[in-house]
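By written order: A, B, C, D, E, F, G and H. Residues from 1 in each chain.
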């Protein structure tokens, strides 16, 4: 089994958020890897990782980071593989604004596909959508997933119908 | 020629920004289409567009929007095709914060790949990276593009070397 | 009994906030309905709901949403019925700024009557005020409600008069 | 002719924004009045205005204000008539954030229907929607207006179809 | 005993903050009163209060308010007595930004002396400073208070001198 | 003539804003002085100024500052005289947020009476209100000034009455 | 032992944050002192401290402060010794934005080396880096410290390798 | 002449800001170099630069960057030399907030000495202060520079003394 998606983060403290990407990839049956990597602590490895990712078979990179979040941008600069950035609201961050802006506001020429604060699940789904460009099986799974989105609303309506108010019309 | 990327926007006033996506796709020789579409003004068309995009051959959607920017999210909900959102700093927006948050902070299940404010060029590059997952030719172009990123620095160093200060060491 | 107000939300997790709208409508004896609806998960239903609301007798719509809150805007675009938007400070939101801006900053042509963060009670009162344009009975109730606003101050003064400080003059 | 909508503002410097409400009401053929009124400079008149508005036939009030914008809230507290607040980005305001928060964040019991920054046109449309609750003619005009919203998209598509790029598919 | 300072607030929920103003006035032995008053709920009383405050002997008004905080500004408009505004970070406020901006950003002609978020103690001290303009006894107390400010630093240094580190020099 | 109000600022670049305080004091016929002083550049003079201000007859200090605005707070710590802080939106400031927070958020024990961004005119009026605590003549002028506030509204109404719209009721 | 670094703060409530600077200096075996000092409460001592610091052997000053944080700037103005400012997110601060802006946005001529919110550990490391300019021993320790930064990533990778998912590739 | 300070930036568009650092270093007669370098475009050179800087004689690095400003942090991670970060308010930045947070909010272990937005002059002065730790000559120049800070205030007072108002006391 060769990993198609690489999940990277700079600290295991980001794992409780980032494992939501892993879970959704598991659900989509997409082989992935998880590694710790840091733009600051292991810059050479970050460069090597970025340069070799495509050759190793990686087709999407999901990078989570908090505070002055440099990892997604550094990696994105050095690989043709699309990089999805997950801003993380860590304890010392300024309510997440620092990680959002450090990931989103990349200079011209080097995009990072940014998702919502702590949005690792959406990063996993986006990775599946990207792989689905070249993979009919994943495409079908994404289609099924999207079709099921409305289930939550059906269930919610079911719950709401049970609530009683004097003037509520059912 | 069948379009692989669809650039959509809600207003021609967004064109001066969004044409930067078109230009980069032209540079990458990726066939694309440009259409006006609105989550609010033509919701049925937006739904139909989203549902049919993949069958028409579209593999990436780039959606630009300003203010309470709903278009990228609405489209993303209804297609398996990855959607790239471009927040636009329009004249009545709150310095772009409204469009950033309306595009970025999508609910769980429905990702939008958000790029920097007015970052349409990066949206085009990201689209190329996504297509490169299944297209060797585009992959080579992306690799070449990324390799050329350092040209700007080489030129900048050339310019900076000409600046004279009494205590500047060359 | 035909509902005059329709309360909609995208998730039952918004119910603890949104039920404050229901309670005040109950107090005003205005018949209402509560439904789950989503701009992203059930867009076709959202469109159908919006297009049919007036014909079904709905005269005001109250739509609550958090994060990139698109529901109020999508509905407002498709109905002549006034739509009141309630921004909700959900757990993953950026302190509520995302839902406020996504609801408030609607483009020209498509107003959403936005109330304060988590302001579902005020949404219910505003709905009553709107219905009172055509309903003498509700008008009287709104007048009575507004007249009673000062009761809270009377009671507060009563409480404050009991506080003792050496230099406090009663 | 008796005015059904009252447009109020605290300064003629707000007129270039607020006249967009007047224009749309003119388009909808809804009789309106325009007056200067101030929560700070003419509080007694503001109170009297609020208390008498309904008896004079006013059914919607549109109040524009910038900075620490108190007028919409003060009026809303004293009338059963729905009040639409228009935050104005004046020269000394903090990019409009002060007027948005001063109007939007009203306490429980006293709603103000807030629209986007400088959103006077939307305030006028919202006023029409509210009046349409009791007026078939205005209802038809609102319906026609909403139906025409898509014209802008049709025209934009027409314009966009003329743009030429080497790889653009028409 | 005639009150020289009037502490006003719109809700007893503000009392835990506002009592810090009362305590410091007690410490300075300045006679004061505490009343509930609301720009929205009891506007006529607010006007009457403002117009009569000086004649009743009030020389400084301290007004606390949260959210869209209109009370300090409304009172300030109608009295020659200086008004000190205390922004309060209430549960539904946007981290206090709404109350700060609603109090601070008053229009030209109507100042409110704004203190820090939840800064009722400082409001009390400022009131004393203002009264000290005309009262030698209070002036002496303010001087003594300010002279004692350094006590906290003396005590802190005492505490810090006891902390042991291997490389700490004492 | 002995100055009762002292206007201080750290730079003549602040003068175009701060002269609005001077003009209103001139209008109120209150003797004042204007000096440059800096918490950073002339700290010893700032300390001496603060300690001697009351003895020299100064009864109110108006301190303007931009960016990391430390002057109002430093002075306030060392004088029993009330200090009014004017945050200034200078060219390098972050839209004025830095000067507002540096002046407003003073620690417990050391109040600064903060006015709106660039609000020097209001600082002058507040100074007059404070002096009016001990000066019947100034009190009368403040009363007259406040009474005239409504003139602006009368004039605005006059202007607005001349505007013509088809559906405008006069 | 003569202190080379001086850690200053305005309140012992800042100690839980600031002791992280002390710990890292202990680790680097750099002699330091800790003192309470206040720009507001003990301005004369702050001036004397600043003017004498270099002569006493101090080569770096670390100043922590919250809210309207004036201490780092006041000290920086009066000493040739580099001053590192640590913004502190205290209970009454506006999520730390006030202390960041009050320390960071110093006027031209008077730099403060600002670190992240609550970043006292980084302040200690920066102090070591500055001393290393003139001290080979400290230089070696800084080099060793930086070299060890990657240990955290090695350990994290070790941890991550143990996590099991069906589709995770190890 | 060997450079002691290295000024780096990612784009010549940052030069109008960054040359203020060069000018002040020229004034202090400190030899420096200016180079373009990019965390994204030339990461390998950035790593090499960082690792070799100290050996080449560089004792302070000044790094300017706008938007998602990663350069100062990347360099700081790999050198024992203190790094001063200059956030730059570029045309596409979010009023400078993105560059401030991307530079300031560095993770524990890797400090960047951040100065005010566009604060390159202060970066140069801070560099001089750091070098002064080991260089008596620079120390004297810094002392002289700081002593001259008050000249601006003397001149400002001279200017202010010439302004005439009826009630201004000279």
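Convention: a contact is a pair of C-beta atoms (placed from the backbone, for glycine too) under 8 Å apart; a residue touches a chain by one contact, two chains touch by 3 or more.
Here the structure is a predicted model, which means the values were calculated and not measured.
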{"item": "Labels of chains that are neighbours to chain A and to chain H", "value": "B, G"}
{"item": "Chain separated most widely from chain G, comparing mean CA positions", "value": "D"}
{"item": "Intercentroid distance (Cα basis), chain H paired with chain G, Å", "value": "18"}
{"item": "Length of the line joining the C-alpha centres of chain A and chain E, rounded to whole Å", "value": "48"}
{"item": "Separation of mean Cα positions, chain E and chain B [Å, integer]", "value": "51"}
{"item": "Contacts with two or more other chains, residues of chain B listed in rising order", "value": "10, 40-41, 67-68, 77-78, 92, 94-95, 97, 100, 104-106, 108-110, 116-117, 119, 149, 152"}
{"item": "Chain-chain contacts as defined at top", "value": "A-B, A-C, A-G, A-H, B-C, B-D, B-H, C-D, C-E, D-E, D-F, E-F, E-G, F-G, F-H, G-H"}
{"item": "Contact footprint of chain E on chain F as seen in their complex", "value": "54, 59-60, 77-82, 84, 100, 104-106, 108-117, 119, 121-123, 125-126, 129-134, 139, 142-143, 145-146, 149, 152"}
{"item": "Chain H residues touching chain A - in the complex, by the definition given at the top", "value": "10, 39-41, 43-44, 47, 67-68, 70, 73-74, 76-78, 92-94, 97-98, 101-110"}
{"item": "Contacting residues of chain G [partner chain E, same complex]", "value": "1-3, 9-12, 15, 19, 22-23, 25-26, 29-38, 40-42, 45, 67-68, 92, 94-95"}
{"item": "Complex contacts: residues of chain F adjacent to chain D", "value": "95-97, 100, 116-119, 149-150, 152-153, 156-157, 159-160, 163, 165-170"}
